[in-house]
Amino acid sequence: MSDKLIVAGKEYNSRLIVGTGKYKNFEETKHAVEASGAEIVTVAVRRVNISKPGEPMLVDYLDPKKYTYLPNTAGCFTGDEAVRTLRLAREAGGFNLVKLEVLGDQKTLYPNMPETVEAAKTLIKEGFNVMVYCNDDPIQAKILEDIGCCAIMPLGSLIGSGLGIQNPVGVRIIVENANVPVLVDAGVGTASEAAQAMELGCDGVLMNTAIAEAGNPILMARAMNHAVQAGRDAYLAGRMPKKRYADPSSPLAGLI
Amino acid sequence: MSDKLIVAGKEYNSRLIVGTGKYKNFEETKHAVEASGAEIVTVAVRRVNISKPGEPMLVDYLDPKKYTYLPNTAGCFTGDEAVRTLRLAREAGGFNLVKLEVLGDQKTLYPNMPETVEAAKTLIKEGFNVMVYCNDDPIQAKILEDIGCCAIMPLGSLIGSGLGIQNPVGVRIIVENANVPVLVDAGVGTASEAAQAMELGCDGVLMNTAIAEAGNPILMARAMNHAVQAGRDAYLAGRMPKKRYADPSSPLAGLI
Amino acid sequence: MSDKLIVAGKEYNSRLIVGTGKYKNFEETKHAVEASGAEIVTVAVRRVNISKPGEPMLVDYLDPKKYTYLPNTAGCFTGDEAVRTLRLAREAGGFNLVKLEVLGDQKTLYPNMPETVEAAKTLIKEGFNVMVYCNDDPIQAKILEDIGCCAIMPLGSLIGSGLGIQNPVGVRIIVENANVPVLVDAGVGTASEAAQAMELGCDGVLMNTAIAEAGNPILMARAMNHAVQAGRDAYLAGRMPKKRYADPSSPLAGLI
Amino acid sequence: MSDKLIVAGKEYNSRLIVGTGKYKNFEETKHAVEASGAEIVTVAVRRVNISKPGEPMLVDYLDPKKYTYLPNTAGCFTGDEAVRTLRLAREAGGFNLVKLEVLGDQKTLYPNMPETVEAAKTLIKEGFNVMVYCNDDPIQAKILEDIGCCAIMPLGSLIGSGLGIQNPVGVRIIVENANVPVLVDAGVGTASEAAQAMELGCDGVLMNTAIAEAGNPILMARAMNHAVQAGRDAYLAGRMPKKRYADPSSPLAGLI
Amino acid sequence: MINVTINGDAHRLAEELNLTDLLAQFDIESDKVAIEHNLAIVPKSTFARVMIGDGDTLEIVHFIGGG
Amino acid sequence: MINVTINGDAHRLAEELNLTDLLAQFDIESDKVAIEHNLAIVPKSTFARVMIGDGDTLEIVHFIGGG
Amino acid sequence: MINVTINGDAHRLAEELNLTDLLAQFDIESDKVAIEHNLAIVPKSTFARVMIGDGDTLEIVHFIGGG
Amino acid sequence: MINVTINGDAHRLAEELNLTDLLAQFDIESDKVAIEHNLAIVPKSTFARVMIGDGDTLEIVHFIGGG
């Protein structure tokens, strides 16, 4: 059965997008990404350290021809900073697909929605394909879809917190209303939570810390790979109804 | 990395045990079991319908040489019935590995622990390898281990209810105390719950209804196959610590 | 110990605000409100039915001199409608304290935050004291506080759904950041959920359906009265730390 | 409306039973018990410290004529120790109502059910009224009721853990099956959890640590007093049905 | 005869009259309602001085149970 | 003619016969079943040697789908 | 002098005495305690009649705070 | 000698030069970076044609690990 994730017209077999931050080194990053099966990786845009020429670079370990680089705007607290960052990202990488996140404060890294909406409008006008990090508000999600974002990415819980899907009802309703892919971005802490996100009907999951800060990142990456497939299949299969009481699995007839 | 489930001295690659009841027909049973990747299947012992000779039999679809048949005592409400049933099962199949369940009442199909303990003692004396369905009480679990059961199988929630792992703390403590495999038996309703059971440290999961009563049993079987692997890997990898607040995944240094 | 709720400079002994809709009749409304101990009641603004002069009116059962009437804008899907409604409310009742809610869609009755912010600005400029229904986004909550709202009222879950506090982390953070009262508005379904809202540090809870649609509304109103006090006291007292294992309550010394 | 707790033929207005351990001193114990509204208090039986004659005693602060003393068997790991302890308790206090708890291990203080059942039989034969601490197994609960226990007291979670009601389904089923009072004993950590226990239909709640180890024990005692009443009323009132979507509380008719 | 719209419905009034008289005619206690006259809110204190003209639109509202 | 009870139902057999013949008569593959003869389990290896007598009770069971 | 064990500790008593006197000697109010004498519970009413002998074991207990 | 600001730090360059030469001088592969020249993004294709003048400000960025 072909069940692909389609973002901005491009097909992906994996529904897991992984970040590339917080790893011990590029070696570990590379092996974790491979184990995750991800085809899209988020990256940050930062100044080159010109005082240290020839330092190893991420691109030497994750081939941009093999992986879709998704530049983010982590660290941007205004729409203008985010737009400026992504314009540079497009020039550096030569691609239009970007992840927009405009943060509200340091403590929560919660999205600033008004700034996010304005930045999204500007970027879309400039031809970017905008995957947008947002809160779990179905009305805000609809507004972002209406202005042309190519993917809605509500937070499961605070970035890097590992608190899982705090608001499954909100996420479920966003999925029900959306005509573009919905991915849970941030908050997933372990495999069962990634599966749960997919069971809510999400088209994918984006994570970084859950893998990078696991005791064994490569093993956890493999776990997340399986978990996202499991959750997707379970959603498509349709779970059994819940019952208040027991229901035997073996026939009662023919008992000795 | 070799990570096998070992029960009664025999190694299994899959940590998922599936029941064979509630399916539309043997065809569906066969394909669901295959998709689940299970190597052990539970079966019931019932009277042959002698008025209909030549009816198709389960063994014609699931080769006992390929799958380990695990006869259960579903429908037995006394230890004696259960023992009698398993003696017949051993003669019918020629193997010693059995699943003991002595039920307390029809409404909950909750185990009757005193009857279960007595039956287990008898069976173990007769050379059976007893995998035992039990409540989520760590002290009872220890008693069952001490009398020689080869696997402890606490219920996640009521048989066939799909209510998931009702008592994760109880299951976690049983796992911490046990020196034999612990499998969650009954209650899992969807993939994320199977993963959660494994993340608690269980050695495996046993299920039937969650697959057989899913909208698409074969697809759900595949989901459970992935979910159990995901949960196992996540447990072995060690999940990230939970945090009350956010923690950025991209470095703050080098922002433009 | 004096522990009052202070909204727009006025003190209230009760931290429970109740709606007056969905009751069988005004008699039931009156007795439920009395049992709840509420001092503030929300009311809707609607056209007088001029074809039926002399119909009983809410004010005949709930004395506006005894209860603080809090006019809402239920049913308003734009900021303009909401502002128009509250201007009429002020003229009808002669008071400045209002509840602003601008809804996003019929299915979820989720707030439309951009419209809500604009309407709040207008109302505050006109001298209204605005208690505002909003989503559970801490950044949005801060914006509403900064423009001068006198109380922030994030939804616990969808209006009338009885799904409880879907996002305790979001509510907790809103409380931590706020310098004005925070009340959970909508979603509470039963007493324990009202207590939970207060334990998160909320200054109060606003509800209607949980009481009006209970089997026995007057009894549930009393339950909510106690629940809100219980939750408040528990929050102020500071709960015990959670422990992974047991801790005996009786001394071990002196055992026979 | 008269809604009393009846245990062993005696009526109580309060459905909260509190322990008297872990307090800073007898003064605090006294005030916490008063604030809780409890009429039954659990006490431990220990050796008199004969080297310190005239030390203050619990009975000097909590008048046994005013409060029903409920002697427990905390610290007993065999049925024989428990029976011996309660025989002494009866002689010391001159009353038949006792709390039986036979513990399984130090780490979990989980009940040892086989020992508990045997001890209960002995005590009941000797004329004791036995309130019994037990696991959350509905079949075991039924056995305890059938042998004549006057109250079934399943643990909410581990003694002193404050982990709340781990297994609400188990407790709910025990309540549905029982013809004697069911009280949640141990595990409640804060007010909302006490209310939740009552909403499950329990006849009462027994706690100690949640009050004694709160930041302000007296205030938390008052919280628990209200919480238990709130949960009881909510259970009797019957909660509103949960809904997947929103349902407006204000009429749509008559909008301007 | 003049034609007015009150709460969305067409009404004919025998003569021009002020808001106080209108409320009296409909048996409505003025202290329990608010009136919007051609989209402008009318202060209660001025009800007696505001005349209703042909083609006017009125909204007469009050508080009802709501949450 | 002898009367026997098989899986709870009364049956009449033309003659005394052993379990192997009984299974053959009912067209049941012996390797797929187990038999309890008057409450005692009969080892498969002895089916041919165990004769069914008048009034005997038999349980013939096999594995079916169950969980 | 007689040797007795009280609450696990060895004690020497000047002479044989009954439980009432013992409690008095230790300044313990008899109505607040229960006594086990050589593993047998002693009814309060008989304290005065129960003599303590050499080698006896006593448990004297009361109620303390517990949960 | 000209003074320029590169990634926030002051630098002195021996002579005016274009971006391609600058990157070469710093040993940076041009295909892995993007450059902002006085707040305007410079298309890679024009690096060779853009001369750096005295007082110019440059941002030279690339992709690093982030989530």
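Which chain is which? They are A, B, C, D, E, F, G and H, in the order written, and residues in each are numbered from 1.
Methods note: contacts are C-beta pairs under 8 Å (C-beta built on N, C-alpha and C of every residue); 3 or more make two chains touch, one makes a residue touch a chain.
Please read these numbers as outputs of a predicted model, since none were measured by experiment.
Steps from subunit C to subunit F, minimised over paths through touching chains, total 2.
Taken together, subunit G and subunit H share no touching chain. For the interfaces D-E and D-G, the C-beta contact count is higher for D-G. In this assembly, the C-alpha centroid of subunit B lies 32 Å from the C-alpha centroid of subunit F. The distance from the centre of subunit A to the centre of subunit C, with each centre set as the mean of the Cα atoms, comes to 35 Å. Separating the centre of subunit F from that of subunit H, both taken as means of CA atoms, is a distance of 92 Å. Computed centre separation for the pair subunit A/subunit F is 63 angstrom, with centres defined by C-alpha atoms. Multi-chain contact residues of subunit A, defined as those touching 2 or more other chains: 19, 21-22, 44-47, 72, 74, 84, 88, 107-108, 110, 158, 161, 163, 208-209, 212, 249-251, 254, 256.
The multi-chain contact residues of subunit G, meaning those touching 2 or more other chains, are 7, 36, 59, 61, 64-67. Against subunit A, in their complex, subunit H makes its touches with residues 6-8, 26-28, 32-36, 41-44, 59-67.
Interface residues of subunit D facing subunit G in the complex, by the touch rule stated above, are 18-23, 26, 29, 42-48, 50, 53-54, 57-59, 69, 71-72, 74, 84, 87-93, 207-209, 212. Here subunit B touches subunit A in the complex through residues 19, 21-22, 44-47, 49, 72, 74-75, 81, 84-85, 88, 106-110, 158-163, 189-196, 199, 208-210, 212-217, 219-220, 222-227, 229-234, 236-256, going by the rule given at the top. Interface residues of subunit C facing subunit G in the complex, by the touch rule stated above, are 249-251, 254, 256. Put simply, subunit A touches subunit C in their complex at residues 104-105, 107-108, 110-114, 117, 135-140, 142-143, 157-158, 161, 163, 166-170, 173.
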